[in-house]
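Notes for the one structure printed next.
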Amino acid sequence: MSTLFRLAFLAVLALSVPTAWADDAAAPTAPVLLGVDKISAGDTAWMLTSTALVLMMSIPGLALFYGGMVRKKNVLATLMQTFAITCMVTLLWWLIGYSLAFTPGSPFLGGTSRAFFNGMTFMHDPANKMSVSHLALTIPETVYAMFQMTFAIITPALIAGAFADRMKFSAMLVFMAAWSLLVYAPIAHMVWEPTGWLSKAGVLDYAGGTVVHINAGIAGLASCLVLGKRLGYGREQMAPHNLTLTLIGASLLWVGWFGFNAGSAGAADGRAGMAMLATQMATAAAALAWMCSEWVSRGKPSVLGIASGAVAGLVAITPASGFVGPTAGVIIGIVAGIVCFIAATSLKHALGYDDSLDAFGVHCVGGIVGALLTGVFASKEISGSDGSVLIQLQGVAVTLVYGFAASFVILKIIDKTIGLRVAEEQEREGLDISLHGESIE
Amino acid sequence: MKLITAIIKPFKLDDVRQAISDVGVQGVTVTEVRGFGRQRGHTEIYRGAEYVVEFVPKTKIEIAVDNALVDQVIEAIFKSAQTGKVGDGKIFVFDLAQVVRIRTGERDSSAI
Amino acid sequence: MSTLFRLAFLAVLALSVPTAWADDAAAPTAPVLLGVDKISAGDTAWMLTSTALVLMMSIPGLALFYGGMVRKKNVLATLMQTFAITCMVTLLWWLIGYSLAFTPGSPFLGGTSRAFFNGMTFMHDPANKMSVSHLALTIPETVYAMFQMTFAIITPALIAGAFADRMKFSAMLVFMAAWSLLVYAPIAHMVWEPTGWLSKAGVLDYAGGTVVHINAGIAGLASCLVLGKRLGYGREQMAPHNLTLTLIGASLLWVGWFGFNAGSAGAADGRAGMAMLATQMATAAAALAWMCSEWVSRGKPSVLGIASGAVAGLVAITPASGFVGPTAGVIIGIVAGIVCFIAATSLKHALGYDDSLDAFGVHCVGGIVGALLTGVFASKEISGSDGSVLIQLQGVAVTLVYGFAASFVILKIIDKTIGLRVAEEQEREGLDISLHGESIE
Amino acid sequence: MSTLFRLAFLAVLALSVPTAWADDAAAPTAPVLLGVDKISAGDTAWMLTSTALVLMMSIPGLALFYGGMVRKKNVLATLMQTFAITCMVTLLWWLIGYSLAFTPGSPFLGGTSRAFFNGMTFMHDPANKMSVSHLALTIPETVYAMFQMTFAIITPALIAGAFADRMKFSAMLVFMAAWSLLVYAPIAHMVWEPTGWLSKAGVLDYAGGTVVHINAGIAGLASCLVLGKRLGYGREQMAPHNLTLTLIGASLLWVGWFGFNAGSAGAADGRAGMAMLATQMATAAAALAWMCSEWVSRGKPSVLGIASGAVAGLVAITPASGFVGPTAGVIIGIVAGIVCFIAATSLKHALGYDDSLDAFGVHCVGGIVGALLTGVFASKEISGSDGSVLIQLQGVAVTLVYGFAASFVILKIIDKTIGLRVAEEQEREGLDISLHGESIE
Amino acid sequence: MKLITAIIKPFKLDDVRQAISDVGVQGVTVTEVRGFGRQRGHTEIYRGAEYVVEFVPKTKIEIAVDNALVDQVIEAIFKSAQTGKVGDGKIFVFDLAQVVRIRTGERDSSAI
Amino acid sequence: MKLITAIIKPFKLDDVRQAISDVGVQGVTVTEVRGFGRQRGHTEIYRGAEYVVEFVPKTKIEIAVDNALVDQVIEAIFKSAQTGKVGDGKIFVFDLAQVVRIRTGERDSSAI
């Protein structure tokens, strides 16, 4: 019989039934070594793909989305920010970031056991076992760490939209490095790692509405407040120089977001499918909602508008995707499209800060909309977990307060030491030539 | 000799070139320019920020001609470039002190 | 023994042998609830990926392919069409489109049971079952619906190539909405859903040569006939403003098409592999065939030529991909490359309609070539089904007649009511500024 | 019991344990027919995806990477080269290339049994068996052949960077066709096919550091030596016309490279995961290493610099990826970034050849760095195989000598017959107009 | 009549347009140009290859005015375009032999 | 003073600039223009549709000089821009009524 049982067990695992562990001993609470036979090739295939998709969101996706919106003299500098952040955060994640975020530790921060990806072996380990994260039991830990790395990359890259056209490249690197370890890692741990206190509190954040978008958006607000407005803001022409790039970027963000949301299932299963479907519905609904709001209030539907709406929808559905169905997705999308339209077009000008590319207006505001509506629409039938607006609110509040405060302090310190902002002539000449010695024809 | 410069609507360029070659002009130099005048530009809105693009794209043509030809050429441009709507543009005429054809070194009339 | 049998059955399913159902009771004829253990993670992984790939074909792929071919003053408006169609069709598909196309019903149209994706549950359904489409038994229905949605999106987007530079944005939206429900859904049902009459008749259309390409191409012809030529057509310069964009688009179409054709296997199996290989062969052959035809007849091989040829090959192999081998792929590609070259370069100018970006010349003509040659080359050894040129011809004829008539009527109605075409000054100023209030530097 | 055994066997295969064959008879040494039940859907899903990713590296990835670096008057011609090579090599691979490279034969060249992909059946083969390559036992041979085809495509495309802006399109086609069959196929066979002598000798080349990059780079050097410098080299401005394109290209190369390296595992398993992780680490490290070297030595960090560094890192980790861990990846990246920076910025100008886009400086030099360091860092614990710098050196030397000699001869023959270089006026006017009769606005 | 041409720093265009319309000028034609002069350009480095971009982007404005207005306009441009730093540019004045407004056919003064 | 305008082949710009600075000219203003003349353009074909691009890209240079320098500068341009092939371009010379250096307010000769 035992043979029979093991066989059945093998077969079941091969099918990666998400509840596999129920049939077995207690689930692990830290990275463990498992037999290679417990790895699902199907789940691993999807997670490898998702990792590639999420990296594509940052480079070239986000780089182009932002690059097309700035003036021609700053396009290369804008692309450079995203690309350099991608490289730097990769090294930080290996150094210690992954360990701080995704290994058990205090309610606020993980441990250091995985520094340098220490202990992440794979199948040639003598006992033919390989390390697996306790957060994704059917795929190699290397894949899980890579997948999460792409999230750690795009989050700081999003911030850059708020201070486009005026920050020193060197200061930007220092800020992002500090922010990645002092803000991103702790928040990710609190919300996603089972020992994190917000996770314990029951905050639902499927793919990062709070950890990624609110977090990046509020840091963006802090940075445009500390840095001040662009030279000539409100007087000179600052129209996007090439929305073709922006539309390519928005499209790649959309496509890549399937890896972001459906990949957050950690498996190629029904939940991944439902997450993908909800994502698609919310994105389309938000894009049209923004476009129509604009059409009605300004007289013309614009390319920048529909693209911004799509991103707003993607942001808002991110925390909800694994918890809601397609129809809830449509509703979340419509609300996000309208609210973010108001935030980016009216609120900003009313309050008068220069959030150049609306990192706050789209990501923070959209993330809040999504986090709260997740509390409204998450339901047991669909995802097995019910939502609570109050608990969601807690997650939002903590992120807003800690994220703003920490970012503000880091920026002030850098400003006092090496200085944050480029010289006036550099800003006027354009960052491409003044910072990087390059220009486009 | 004179240099006749005209600021016209871009989509009229082909018509004007046809008209002036009919009166015997062989060469023209054309430049894309931005025009400000009675004709207004347009407004663009990006995420609620209005940018008034005040200029209108115009095309500038420069033609060196013998004095004999000046009036016919002006007439030809005038006829072919006119739409009757605001923004049709202007014709400016300058005196040319000298002309040289670089290829041959010919001067003045024979250089045109 | 029964235990043994169930285990064997589990294992077999895990491998998603396409004939699984043979071993079992009769295959379902409508969407059903199956145990989650019958879902193949491997097949699901590939179908999730394919969905992302096909969406990438539309945005940014097709958007750029078309955007690069228009004049600079119309590039944003062209991108906008594809992007807006993507959003709108997503909502229509959820509303009712999917249900009309892919649920059993009359020989001409499906039912309404899946309106609002109603009943598409996933694994937290009490009995731990999830809904699966009768057309793809080893993946969640959510994934199948998403995959098919991307087909429903790109088809109308293809039409836009025929009437570039002159249609009102509002009229375009109305037309596409009507066309999607009144033309696409019925044709898809007739050809692909087992209760559809063309499907019953034995018409072979693996990935949409008829449903997608002939259908879009003929609608394109109808629209350029109803709209008339572009202002200054034949007199003014209308050269593509930036073929770099067009080449990026053609490349992404090619890459994404692997999801389109190999994804149409509904599984990650040998048939998907063969479909991918045949697709690659036909595309390369057609690209070179068009390039050489041009080189010989016009003196120079052009970037637009080789890119157009590649698309012609992709179109022609679409209906054949799952039914033929690589060598047949090469032959289909060569024929499609030459025939479409003639259609787009000579036929069009001979007949004098202004199919601006050759939606008809490439997609309809290429689709017909592919549909008929599928009848020639499909063979039992390879795919298990033999082809018949006559039956294929039936599918082609029905689509041409119904597609043209329906599109023509819809367009005429819109023209009489809100009007189809922009004002002359708007067309001259360019649609970017006149319709969307934006421009590129 | 035999029933039990077969079931266990089924299940085990379903999990694609790479050592499956150990449990069984001797592993096959040539393409074989296996029961469809031995195919892993998960592995197949990943390999289908990897194939799409690697094709995306060439079109549009590499095309844009190179296209952005040339002058505006040559951008279309540069894109055209990559696109045309993609099409032509596809046909050559089907014709005979795959067979010469990946079927058993002499130590130097494979057989002809797979000419025209002859014998590559899939599941409708009567006995319900399908053909599988002896190099990848859990996926259909069609998929393996397609995957390898994308490698055969990108390798010659890389060469084109060395002779940008001055080679005749016709001569380029002839050269690439000859090179693909006379240089690429034999080297691939020697290094990768078990009967190849370098493979027997124990040369480690996980994903093509030797076969792809050293091979392409040295051919690039040969071609820029034979062709001579660009007109006005050193005097006229030859600055990259649009680094936006180059950055998009570098990004897509990076993303696609996951298919290149992780896909070389031939499965969705722990080794693929580790390969992906090592790739990411090396790329980021090399990009920053190049950027910093430039910052220190030239005063400014540039977009072209960080992008070039990323590619240098991708090149160097290619042979090592499946054999080393993330920390070794970081070291390999740093070395590659610095060495390639020196090669492309100082060495080239010192020696005075005009390797226009640094095909030699980045791919050959980076490939050598990677091949040798693979010998240093490959270790049993990680990959099951130890490395030897001496044996690696052998592989490098053979490729350098044979590759340079063969390329040189082919080029000389073409030069003497149809001629390699365009006329002076054509070069001055730009290849876009003179060779292809097109231009970008 | 005269044609006043000025080469100015691009970011000064709005100020200059304001200043001249204050003295009653309605129309201007603007061209993007590359300037070489005392003000130096910048250097770009691509993979170790230095490219000295010697020119500086400048904006050229052309204004046809009646003789009466010439001095005021020059003064207006001079004041509004000046930064005091090298590269501020030049003002050139030419005699205009004739002017025609294409829309109406008006000539000379009335055509401006 | 005179304003010397020359239409030349773009790739000759560097040579011409060298030549004129050798005779003491410090400043030049350069504009990209499209030239129509004896030299023909080229034809582009897109999917069978032929587009005849009639113009040839040219570069226009403008140099303000003292009368004393005029002949040398013309000579310098003439020599350095010539290839002997059709399309070498033209040199036009205009009288300059006034020149002002915006930075300093210097006038005429001292402003150049």
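The first chain written gets the first letter, and so on, giving A, B, C, D, E and F; residue counts start at 1 in each chain.
As a working rule, a contact is a pair of C-beta atoms (placed from the backbone, for glycine too) under 8 Å apart; a residue touches a chain by one contact, two chains touch by 3 or more.
What you are looking at is a predicted structure, and each value in this text was computed from that prediction instead of being measured.
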Where the contacts of chain C and chain F overlap, which chains show up?
-> B, D
Would the interface of chain C with chain D count as same or different, where same needs over half of all numbers used to appear in both copies?
-> different
Pair in D-F, A-E or A-B that repeats C-F, with over half of contact pairs matching by residue number | A-B
Averaging only over C-alpha atoms, locate the centres of chain B and chain D and give their separation in whole Å.
-> 54
Taking each chain's mean CA coordinate, chain B and chain E are separated, in whole Å, by 18
Return the distance between the CA-based centres of chain D and chain E, expressed in whole Å.
-> 54
Considering chain C alone, which of its residues make contact with at least two other chains?
-> 7, 11, 14, 40-43, 45-46, 49, 240, 248, 268, 298, 300, 302, 304, 437-438
Using the touch rule from the top of the page, what residues of chain E touch 2 or more other chains?
-> 31, 44-46, 53, 94-95
Here the pairs of chains that touch are A-B, A-C, A-D, A-E, B-C, B-E, B-F, C-D, C-F, D-E, D-F, E-F
Which residues, counting only chain D, touch chain A once they are in their complex?
-> 4, 7-8, 11-12, 14-18, 40-43, 45-46, 49, 53, 72, 240-244, 247-248, 250-252, 254-255, 258-259, 262, 267-274, 276-277, 280-281, 283-285, 287-288, 291, 298-304, 306-307, 310, 325-327, 330, 380-384
Spell out the residues on chain C that touch chain B in their complex, using ranges where they run on.
-> 235-236, 428-429, 433, 437-439
For chain E, which residues count as touching chain D in their complex?
-> 44-49, 51, 53
Quick one: in the complex, what on chain C touches chain F?
-> 237-240, 298, 300, 302, 304-305, 308, 344-346, 348-349, 358
Which bits of chain F are touching chain B when the two form their complex?
-> 2, 6-8, 31-38, 55, 58, 60, 74, 77-78, 81-95
